[in-house]
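Okay, here's the structure, questions in a sec.
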Amino acid sequence: MAAGFKTAEPLEYHRSFLKENCRPDGRELGEFRATTLNIGSISTADGSALVKIGNTTVICGIKAELATPPTDAPNKGYIVPNVDLPPLCSSRFRPGPPGEQAQAASQFIADLIDSANIIQREDLCIESGKLSWVLYCDIMCLDYDGNLLDACVIALLAALENAQLPEVTINKETELAEVNPQKLHPLNVTKHPVGSSFAVFDNTIVIVDPTAEEESLSTATITVVTDEDERLCALHKPGGSGLSAEKLQDCISRAVTRHREVRKLIEEVLKSIKPQQ
Amino acid sequence: MPVDTRRVRAPEESQCPLLFVPLLPRGPLRTVAQPEKARVDGRQRSQVDVRPVFARCGLVTQAKGSAYMEAGKTKVLCAVYGPRESERKDDTDMKAGRLVCDFRYAPFSCPKRGTWIQGSEERDAAQALQEALRPGLCLHRYPRAQVEVNVLVLEHDGSVLAHAVTCASMALVDAGVEMYDLVLGCALRQDGDSYLLDPTLAEESGGHATQPEDNQGGVTVALLPSLGQVSGLHADGELRDESVSAAVRACMEGCHRLYPVVRRALVYAARRKAAPPGDSLET
Amino acid sequence: MATVQICEAEKVYIMHGVRDDLRIDGRACDDYRHMEVETDVVSNTDGSARVKMGDTDILVGIKAEMGRPRPLIPDEGYLEFFVDCSANATPEFEGRGGEELGSEISSTLYKMFQNRSSLDLRALCIVPREHCWVLYVDVLLLQCDGNLLDATSIAVKAALFSTRIPKVHVSEDDEGGKELEISDDPYDCMRLQVEDVPCIVTLSKIGHRHVVDATLQEAACSMASLIIAVTHKGNVTCVRKVGGGSLDPESIFEMTETGKRVGKALHAPLMKLLQEEEVLGKRRQKVGFLG
Amino acid sequence: MAVDMRLPAVRKQVPSFSEAQEKHLVVPGDVITTDVGFMRGHGTYMDEEKLTASVAGEVERVNKLICVQPLKTRFNGEVGDVVVGRITEVQLKRWKVETNSRLDSVLLLSSVNLPGGELRRRSVEDELTMRDYLQEGDLISAEVQSVFSDGALSLHTRSLKYGKLGQGVLVQVSPSLVKRQKTHFHNLMCGASIILGNNGYIWLYPTPGQQDEEAGGYYTSLEPISLADREVISRLRNCILALAAHKVLLYDTSVLYCYESSKPHKIKNILKPEVMEEIVMETRQRLLEQVG
Amino acid sequence: MAGLELLSDQGYRLDGRKPSELRKVQARMGIFTRADGSAYIEQGNTKALAVVYGPHEVRGSRSKTLHDRAVINCQYSMATFSTAERKRRPHGDRKSSEMSLHLKQTFEAAILTQLYPRSQIDIYVKILQSDGGNYSACVNAATLAVIDAGIPIRDYVCACSAGFVEDTPLVDLCHAEETGSGTAVALALLPRGGQIALLQMDARLHQDHLDPVMEAAMTACRSLGQVLDGVVRQHLQEVSILTGE
């Protein structure tokens, strides 16, 4: 296929592939890009994970800090996710405060943490009304080639599973917190949701794991998040063309299988780094 | 403080747990090794002893050029965009292109969590980076254009600016920006009469706690290796002047140690690019 | 940035002059312009100074305010620098035009004081972890004819010398709480030890030589400069290469050497002058802006 | 090295000579005359039939025309004035020149002598290569050819004495300090040349060897100037600044006298306040003697 | 501020002035060499600098060029150390922008802008020390700087503040009076013709009281005008003696 065609008529170019039930990068419509995972490589973070889905690269680092619990929930801690799309990861992002896409992604992750119940906020409380943990989950995109949300969810989950927090006690005399950096405890990750994203072409053709180009040419995108109990944790479809219930059902079942694949990957990688610790 | 509506709400104030570790020596997390002894990681004092370096080009596929570098635990990623049309039209000097540098620490890259908003330290580093790189670039080749260099520190374990310079110059080469020479960086920590080359974070912040003797400080040098010119020099602390000169010499030597590693990575990247698509890369 | 435009022939003339050690205004390469220093020029500050170096004119005001010590250094106060490159100096600085230059200068000032001996910050502590003095050092650029950093550093040193911080008396009440009482007697005050405060020497490389105290015209001929902050003992607290060019190692060594020599020599006349002014006290008519 | 640091000195009060009273000094709002027979010149305006000053300065009467000359102002160019200026912009068929006026002056391509002689026609190539003759930042000497309606000056360099300036030093003073004379080009006896631009821009340069070639061309020699010439130029520069600081009118004689008075002092010391005062005093004295 | 007696029973103000008395005014013209015009003024403890650049070619976007007169461009700013409590930014806040606009309006009324079509005149003022009447001090300093730059004006612009306390109009308010009296009028006047260049009132004032306050402010402006006049004439004489042959 001539390179000129690709740049001049990108949509037609893609359609010509989709007609043949395949995609310009050689994938089938329902095929994910190679997903790789690297856990715990950032030693300054309390937990970290680097995820690559094809070219898309996302890193998540967890930093825990101490704060007074919220006044309306004195027995809870905080989880503060933030998705950053720095100008480094693509020429489409500008420096400065987070743009629309980054804001939407942050909100999506924040909602997911609550709806999927990944971490019990009560577990983050150290002493009710006095002290609790704040988990800052900073997710940064290093290379943006589509399907940001899937990568973010995997990175977040793997980083949380990797995270270790030091033991904190409250000195009875001084009433001050004392941190013991030698004694580390893992977080209790209760649920393990995984997301799968889809792009819709010409209102009918559904492909999984779209690249950045596919995202921009598609008429709609959908992200489905399920957990290990095959429950639907989140369904995110920001506008775009409609989708039949049937197609949606297909997406959900694809998401369930994707969940199993990714879970297996995370567990394998976690197991492989365990002995070193 | 106005509420930032563009981000998920965080508690107004939270503190780094390290502040609550009892009997924490002031400032640093670990103390610097005794002057006469070897360094914590086994390297020698007052020797041009750099940490093992891993360098690779072309990791950010969306960028015109990119590079990733690890030196010990310090991890730096750099992406280059452009040359593209300059954003600042009012600039009087339109005959040469502009070099725009951005320097960020990932929030989790330091022992204490960083904020989302760019701090003054990052702005200073961006400025220093820009001044160190500019002499190496043929900017007059790109009138009315700007070249953007974005550096992201993923993990900070000392000598960050120095490695950022090296990493950025690799990314510039990867982007095909015309250059007179590479720009390599090397840092040094002066500790009394001895020095620690390519210091770790603990070594960088060490002296502030144990302060008996003077002559404490940090030096960062950027070098154009084949031209033998110094394009960047930063020193802070309190140094005797002869230490400044000696430190510059040691850092230059350190840069030359890096040179073959960086060259190998660049040659590898160039070969990979030159190879026709589909060919096996693992040769 | 405050710059001037000059043409190729003027540049060549200046460069050859530097080579011959005769600059346009007759100075040798390591000569400063005539300088005027006066302290206590703004009465509602705790310390202030104005420095004129040729046509470069800088005003520094210092205000001491009570604040909280930084968590990592609980037994010290701290300095905050702000540089206002105001439109008074040049219309280029109007609006946000001067911000870039201002933050560059202030970041150099921060670095220059980022060591233990420049200023004894422990003297600024009132109650560890709770109260300390924060010295807001505000630099105002009134006129600009090159060499801002050197002039600023001299003005800062002079202003610190003139700073008088009221004494604070700490008393404890019954419940262990601390009460602070700030003395309102103008003579019951604390002075700062400024002996070790460094001064900046900017060395501009022009052709194959370097000059100190470059005017704007000379700065336009220089591709690279070295900023060196030097204490009266000759110790170096900050070095920066600035400008778009590079320097060969030998000239860096030479420039450091000159920087140290010149820097050391700046302190003695400055301290002498500040003390002289203090001794004269009220007998001397203030010049300020009206004189 | 030299560091000269001192406390600022209080300004000396200027003794008020009686002769000053002879001058008619006005401030803005002062009524100069209610006589309707006069014509209103610059620095004045009509306020209900009264001729009123709008600037602070000295009233000048030329026949029926009344002007007020402010102490200090931007350059108000008139046809025939000699100016020194700096190119700020190269436009289509013209250069913009900064001449300390209220608007940038204009030098039309048709108002310059191009290499090849007076009668050469301007071609399209000339338009394209304008930057080869004069580019941004270059200094020129020129003459005011006409004044546009908005006050902008149109310059010309159609004489061999005008054109691009080579190596030398520019000194900028207030235009009101430059005395109007028959010629503003002088080869001073002390060994350097001076162009006293009416616009307050003064150009000091080594006296050219061959008069014919040097001026008016677009080629500038970048050969080093001898140290002796440089010394003279630097001394002159500082003397001019000293005179300007003390508001002495600048013309060949005053500059030369000041130069001579400065001889006992090192060049770099001339700008010290006490030295300035001393040599300017001496210059004034000599100028008075000359008049008297 | 309830406890503060702004006007004693004997009719004296906090600093011992009479209601209609100005603070001590000292000023000097031509304090900077690089600007076209400059001036410094002290009114009591309020100290201001003014610098004028121009008239010159319009900078930046050419679109603001006016074809029949000059553009007046003003920036008001305060030194960060000028106030009792340190200011975080010298300018850019709403108050400074408002002040800049007021200055622009004031000087557009005074400068003969139609003489300089397509040019721009920059007036930059800086408060070095603030003790009430910042606007007035800036206007007065700017007037001197404009005259120093040789820019034609109709007349001096003199500004003064006035307030109303216990049925008495006070002029040239200091900071304590400004905050305490609740009423402050800032007036800029071209004294010879009596034209008002700007009148600004920030607080409520009974309509019946406006006249006496205005009257007091105008009188104060006139006497300030005389002071400025003295400064200009002195300067004029000194310089013309020096320049004289």
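As written, the chains take the letters A, B, C, D and E, and residue 1 is the first residue of each chain.
Quick note on the criterion: a contact is a pair of C-beta atoms (placed from the backbone, for glycine too) under 8 Å apart; a residue touches a chain by one contact, two chains touch by 3 or more.
From a predicted model like this one, the values you see are computed outputs, not experimental measurements.
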item	value
Set of chains whose contacts include both chain E and chain D	C
Nearest-to-centre chain - CA centroid comparison	C
Chain whose average C-alpha position is farthest from chain C's own	A
Selected interface, A-B versus B-C, where C-beta contact pairs are more numerous	A-B
Far-end chain from chain E, centres as C-alpha averages	A
Inter-centroid spacing, chain B versus chain A (mean Cα positions, whole Å)	29
Interchain centroid distance [CA atoms averaged], chain A/chain D, Å	70
Inter-chain centre distance, chain B versus chain D - centres from mean C-alpha coordinates, in Å	52
Numbers and ranges of chain C residues touching at least 2 other chains	5
Of all residues in chain B, the ones touching two or more other chains	15
Interface hub residues of chain D, defined as touching at least two other chains	none
Pairs of chains, among all present, that meet the touch criterion	A-B, B-C, C-D, C-E, D-E
Parts of chain D lying in touch with chain E, wherever the complex brings them together	14-17, 19-20, 23, 25, 27-29, 42-43, 45, 47, 54-58, 70-74, 102-104, 150-152, 176-177, 245-249, 287, 291
Interface residues, chain C side, partner chain D - complex	5-10, 12-13, 16-17, 19-20, 22-28, 30-38, 52, 212, 261-262, 265-266, 269-270, 273, 276-277, 284-285, 287, 291
Chain D - residues contacting chain C, complex	1-11, 86, 136-139, 165-170, 220, 222, 224-225, 227, 230-231, 234-235, 237-238, 266-273
Contact set on chain B toward chain C in their complex	15, 19, 26-27, 92, 120, 123-124, 127-128, 131-132, 134-136, 208, 211, 214-217, 219, 224, 227-241, 243-245, 248-249, 252
Residues on chain C engaged by chain E in the complex (per definition of touch)	42-45, 48, 55, 57, 59, 61-63, 65, 82, 84, 86-91, 94-96, 136, 138, 140, 142-145, 289-290
